[in-house]
Amino acid sequence: MTGADSVRDRVGDFPVAWPVQTRWTDNDMFGHLNNAVYYALWDSAINAWLARDAGADPMTDAAFPVVAESSCRYLSELAYPDDLVVGIGVDRLGSSSVTFRLALYAAGLPPTDRVAAVGRWVHVYVERDTRRPTPMPAEVRAVYEAAL
Amino acid sequence: MTGADSVRDRVGDFPVAWPVQTRWTDNDMFGHLNNAVYYALWDSAINAWLARDAGADPMTDAAFPVVAESSCRYLSELAYPDDLVVGIGVDRLGSSSVTFRLALYAAGLPPTDRVAAVGRWVHVYVERDTRRPTPMPAEVRAVYEAAL
Amino acid sequence: MTGADSVRDRVGDFPVAWPVQTRWTDNDMFGHLNNAVYYALWDSAINAWLARDAGADPMTDAAFPVVAESSCRYLSELAYPDDLVVGIGVDRLGSSSVTFRLALYAAGLPPTDRVAAVGRWVHVYVERDTRRPTPMPAEVRAVYEAAL
Amino acid sequence: MTGADSVRDRVGDFPVAWPVQTRWTDNDMFGHLNNAVYYALWDSAINAWLARDAGADPMTDAAFPVVAESSCRYLSELAYPDDLVVGIGVDRLGSSSVTFRLALYAAGLPPTDRVAAVGRWVHVYVERDTRRPTPMPAEVRAVYEAAL
């Protein structure tokens, strides 16, 4: 039993497809994407999606999300300078928390529709000042509901 | 059931304690350590430990480890410029793979001995040229056995 | 007299315009792009351009470029999640070295055509094994000449 | 004439010596420290020094420093997992700005006292709300004066 225990490993399993770019420093000494970069790309994709579709602003919003858990299962290699895609879906939606299923794969993606990595990610909304859990904003919830 | 499913969350649960430093860019807009940084610190600690104790050289070794799975459960906040410690233990040791339990916590650590994050990490050894699984080197195995 | 001493600060001063994406972790605690990220983006843009147009492969090429000098003058703020553009031009082309002028600016760029940062960057080609200077490959030189 | 135009390239040229650690991801595909990492390490060392000696807090201080210019001259290679040292000195001290000379070198440093890289860095203090230049705090100035 692992962190990404319900593997859905096809592009079609993820309602949102968010294009992301790779960088020179993403490749490590083995010439492939470093394992921590997968998480950084998921983080960037989720938050850019929330900025565009829910107007989220991390510097001023009274409530913002912190990561409670994350996990990744690495299925095949990726590398700079390839363009990639983050797949996002919502598995569970609570009052103050949301659980995502995530994927990362190369744009273009022949010869199969299998993704290169799958993950799981739990966001909990907290108040800026107290850092205590709080219900997520309505605009954010609406975006998540559309990705269930 | 989550990615870090057998929580051992005390400093004493980890045989190896590896000091790590934080950086300005580790803090995100919320003023705390970004979630992907935990994985980068674990990666750096594991590989520096293998370089020192097993003579591992990622640029020339015929067999090297790639990450098959990783996960993290975030229990409390950490922040630059604090000095931190990575805790490392070996949970399972196969012929070509090793499963770590990992922790991250502030150096000093009052008032409790609870760690700030726990994780799980699976390394699989592969041949440099073929990227096919291969038995890990004997020097590496000896280091892992001492951390079981 | 500074590192970016001949300021050409308009979009039109740079023959190559390479789109780059920002990431969550690019913003520091002040909510704007961290200063080191400018260099990482320039590095990524230059090398992706060389991969596409000159077929450069950093893992196998017998000669590859190392950075001898770099500098940046920061003129205005940039921030994730905005899409950016790297401007690239060649100022000097030697046998084994090339000097770039570089820029970074927001895609879209109203209300002026002033860039947000200008820089200077010197690449020296070295042999993989000896790390001694060596003439750059002909395919690479052709790409640089087109950007003079 | 380059960004690091007054080369002082010996350890003794820098009044402050701040130990920094390397990370797995600092090495790029060529097996040495990526050029942008030098800037990230300088940033981390300067700000940790200001936190410790001047009580600077980037999340709440009314005035904080932004980078106006930076440059680096790369003299020899460095690599993870080596421990490094940042050298810091103050070249010029104005009302709202400070110009540093910087170095990076391996801890231990035989067989010479030559540093591996030298740099120049200009910090300008700005008000948090307006981002307009403002005199630096007295506690910070005192720290800088001691490093002239």
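We just call them A, B, C and D in the order they show up, numbering each chain from 1.
By our rule, a contact is a pair of C-beta atoms (placed from the backbone, for glycine too) under 8 Å apart; a residue touches a chain by one contact, two chains touch by 3 or more.
This structure is a prediction, so every number in the text was calculated from the model and none was measured.
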{"item": "For chain A and chain B, chains touching each", "value": "C, D"}
{"item": "Pair joined by the larger number of C-beta contacts - C-D, B-C", "value": "C-D"}
{"item": "Chain whose average C-alpha position is farthest from chain A's own", "value": "D"}
{"item": "Inter-centroid spacing, chain C versus chain A (mean Cα positions, whole Å)", "value": "29"}
{"item": "Chain centre separation in whole Å, for chain D relative to chain C (CA means)", "value": "22"}
{"item": "Chain centre separation in whole Å, for chain C relative to chain B (CA means)", "value": "34"}
{"item": "Set of chain B residues in contact with two or more other chains", "value": "24-25, 27, 29, 31, 34, 36, 40, 43, 58-59"}
{"item": "Residues of chain D that touch chain C when the two form their complex", "value": "1-5, 29-30, 34-37, 39-40, 43, 58-59, 64, 66-74, 77, 120, 131"}
{"item": "Residues of chain A defined as touching chain D within the complex", "value": "24-25, 27-29, 31, 34, 36"}
{"item": "Touching residues on chain C, where the partner in the complex is chain A", "value": "20-25, 27, 31, 40-41, 43-44, 47-48, 51-52, 58-59, 80-81"}
